[in-house]
Amino acid sequence: MLQVLFGGLIDGCVYALVAVGMSLVYSITRVINLAQGGFVVLAALVTVSLQAAGVPPLVALVVVLVGFAALLAGVDRAVLRPAARRIGNQRMLLVTVGLLQAISGLLLVVWGNLPYTGRPFTAGRPWTVTAGALGGVTVQPQQVWIVALLLVAVLALAGLLRYTELGLTMRATASRPDAARLVGVDTDRIRLIAFGLSGAMAALAGAAVVPITFLQFDTTTSYAVSGFVAAVLGGLGSIGGAVLGGLLLGVVEGVFSRYTGSSLAQVAAIGLLIGLLLVRPAGLLGRAEEVRR
Amino acid sequence: MSAAPTGARRRPLTLLVTAAVLLALPWLTPGWTELLVIVEIFLLVVLGLDVLTGQAGQISLGQTLFLAIGGYGAGLLTVRAGWPSWLAVVVPALVAAAVAAVLGRAFLRLRGYYLALATLGLAVVTQAGATGLTSVTGGPSGLVGVPSLSLFGLTVFSDRANYYVLLVLCALAAWFTANLRRGQTGRALAAVEHDPQAAAMLGIDPARYRTGAFVVAAVAASVAGSLYAYYLRFISPDLVSVTVALSIVIMLALGGVRTVVGPLLGVALLQGLPLIGQSFALWQPLVAGLVLVLVLTYLPGGLWGGLRSLIARVGNRAAGDRTTGDRATGDRAETW
Amino acid sequence: MTAAADRPVLTAAGLTRRFGGVTAVDRVGFTVAPASIRAVIGPNGAGKTTLLDLITGFTRPDAGTVDFLGHDVLRLAPHRLPGIGLMRTFQSARLVPRLTARQNVMLGAHHLTRAGFLADGLRLPRARREQRALAERADAVLDFLDLRRYADTAGADLPTGVARLLEVGRALAGAPTLLLLDEPAAGLDGTETRELAGVLRGVAAAGTAIVLIEHDVELVMSISDQVLVLDAGAVLADGPPAQVRADPVVLAAYLGSEAPAEEAR
């Protein structure tokens, strides 16, 4: 059982990274970028290709990190911002769905419909941790990487938001976008930075998870939905909430998978958590005024 | 509402020609009848959804719940309980209406993304239920042996027969939803969409109207689901997956809201595109995604709205629909 | 349509609403006589809109009662009010942009209809009859306001003055006994304001009482029968225009500082 919980926790870390990216973008733009799920898989497959071309895994990670930060900023500039200027938020959700679909399509064209996996960042044998009567847990080095990267990312982000001037500007823009604009904040630049950061999150998630699982062109929807649920569960706009939401989703999924197949487990976990949301719509750390009319 | 005189004179003629073409379609396009049937099934769903989304401005990412109620309901009632097929369409539709009435009260108070998520939850639970409740739904392999629809003693088995039955249903749905739109109900829905508080002060209960729209959408989806099961003589979780739920909303947004042709275009495009050719199949998702992004961004009235503007500019007369304000006004509060 | 001649259509007593530490409405009470025009004036933030929100059920009072034609209005949901004769407009124009002026006005009489989804969807005779009646009534209102030429213009395309007037017209289509108007003259120029004054006088003469929140002091003084002055949520004065205008307390708190701003318009 402990092994299952641990596995779920690791999955949860990945969901957390996706959700953090989504929540961050939401807080600045009030748009949920479902395409984030697509960028995760794209980052994963790019990592695999880089590794196949001989690039060491850790170098590939850095390349993908920087590349996707730039990519997401570019996507905002070229696709999302023009759309946001013209249409309301409900249609924007569908635009991101279209974007998600397009990314899946791109993955299909370039990488085909085969599943891919990658090499771990550091070579090493898995080791076992025993917890007495609770049983043992086998930990793979890559899983440690995932947890470490999540921690580093979240701490860095939190540090940025709390202790830097840029972070202060971002938080101000997030809470009152109209006021921020009036005060002279270059909200377009803040948007780009938010998207860039979310691109980095997507890159981390994809590159870190592909060594321990198989990903392919249609895994995008699953990450998109999971990220969405986790972000809303944690309270839209709350980074800490997104982390909590992601971890919770992963663990619940893990528990369910003990009793059912893995795809049903995922779907059941999502269903359960959405049910929870109906009870507390603002999510774990969210604000209630945002929710009801 | 006053249509331009030319419009009023042309209407009966256009309707007649359209009816003739639709009736002759299976002969005009042999080999495509199967696609036509699928298009009609989804058109029924999307026309219903248009009342909720296009008129009342509420998103529902979970219409597959009602599709499943209709499809699995009809399947189970005919296969396991031996009910007559027409009854097995009506009863699940009533169940769908009841479910929508209850869920509507709870959900339709939620704003924007939270409503999207809640309805997405319905889609997810539907897929999970259809896959997991194996003893009831047949699990991942679905329910087989569903009989064909039988009407007035005749079995609706062939593609053509199904085409005509569904043609009647789609025509009824188009007529019903257009009547709603042109009537006081449509105006009330427009008021609720724009400003629920102001609508309340006009005596319109926003909850009641939103729920009513939801019920219409649910019944349409349920009937479509039942006919889908009868046509395929089979129903499975793949037919009510989350992907299908999303594609339903996409078809509506792509084609354009508050019209009949809009949904038709959207459904035809999304269902027809994959069939263009084997070599195209690889590029289809990419192209479809890009088309969706472009249409949503640059064509607020959907493909049909864009076409009408084009025709208007070419023909140099005012683009006419009964509700004259139905075009991009630059007002960002416009939901769809 | 009118109650017994002396009995007020609306009696509010002790209405209080607090938001956190701020008392937005402080023990406000007043009456509205049938077919009269009662103005509510006061500086920004004096609680005028909140008062309307309390009466129409958009927010619950912490204390107080409101009696409208014998109904305890505080127990009723907002959408029930038009059915008993109470209608309201808002500070910002809330006409539906994608409907025409005529269609918007048809909405005003919605509470007089009974056709629902099925009747409209199936175009039952009852629904068709109601449609015709609604359209006729709407045209009558448009004629009364001399705005018939805008009948087929989309709400989004109407000039501000016309839109504000139409909002009043939309409420009129519902044949209310009492009409609550929140700053109907906002955004109107001098001519339009005079038109509005004429319309309101006509409406009251025809038997509908009006409660009017306004900043335009001239408009208020010229058409009101009774004026209620609010400041910081509390009643400062309550009486006929001439009396209120001369009240030193009111002059000190409000009119004195407002009048120059009004003249500058």
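The letters A, B and C name the chains in turn, as written, and every chain counts its residues from 1.
We take it that contacts are C-beta pairs under 8 Å (C-beta built on N, C-alpha and C of every residue); 3 or more make two chains touch, one makes a residue touch a chain.
Note that the structure is a prediction, hence the values are computed from the model and not measured.
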Partner chains that subunit B and subunit C have in common: none
Chain nearest the global centroid, as defined over all protein CA atoms shown: B
Most distant chain from subunit C by Cα centroid: A
For subunit B paired with subunit C, centre-to-centre distance based on mean C-alpha positions, whole Å: 40
Distance from the mean Cα position of subunit B to that of subunit A, given in whole angstrom: 32
For subunit A paired with subunit C, centre-to-centre distance based on mean C-alpha positions, whole Å: 50
Residues of subunit A touching at least two other chains: none
Multi-partner residues of subunit B (each touching 2 or more other chains): 333-334
Contacting residues of subunit B [partner subunit A, same complex]: 57, 59, 106, 109-114, 116-118, 120-121, 124-125, 127-128, 131-132, 196, 242-243, 246, 249-250, 253, 282-293, 296-298, 300, 332-336
Partner subunit C, residues of subunit B touching it in the complex: 1-2, 176-177, 179-180, 183-188, 190-191, 193-195, 197-206, 212, 215-216, 323-326, 329, 331, 333-334
Residues of subunit A touching subunit B in the complex: 32, 79, 82-83, 86-91, 93-95, 97-106, 108-109, 217, 221, 225, 228-229, 232, 236, 260, 263-264, 267-268, 270-271, 274-275, 277-278, 281, 290-293
Complex contacts: residues of subunit C adjacent to subunit B: 56, 58, 77-83, 87-90, 94, 96-100, 103, 106-108, 110-111, 113, 115-117, 120-123, 127, 130-131, 134, 152-157, 170, 174
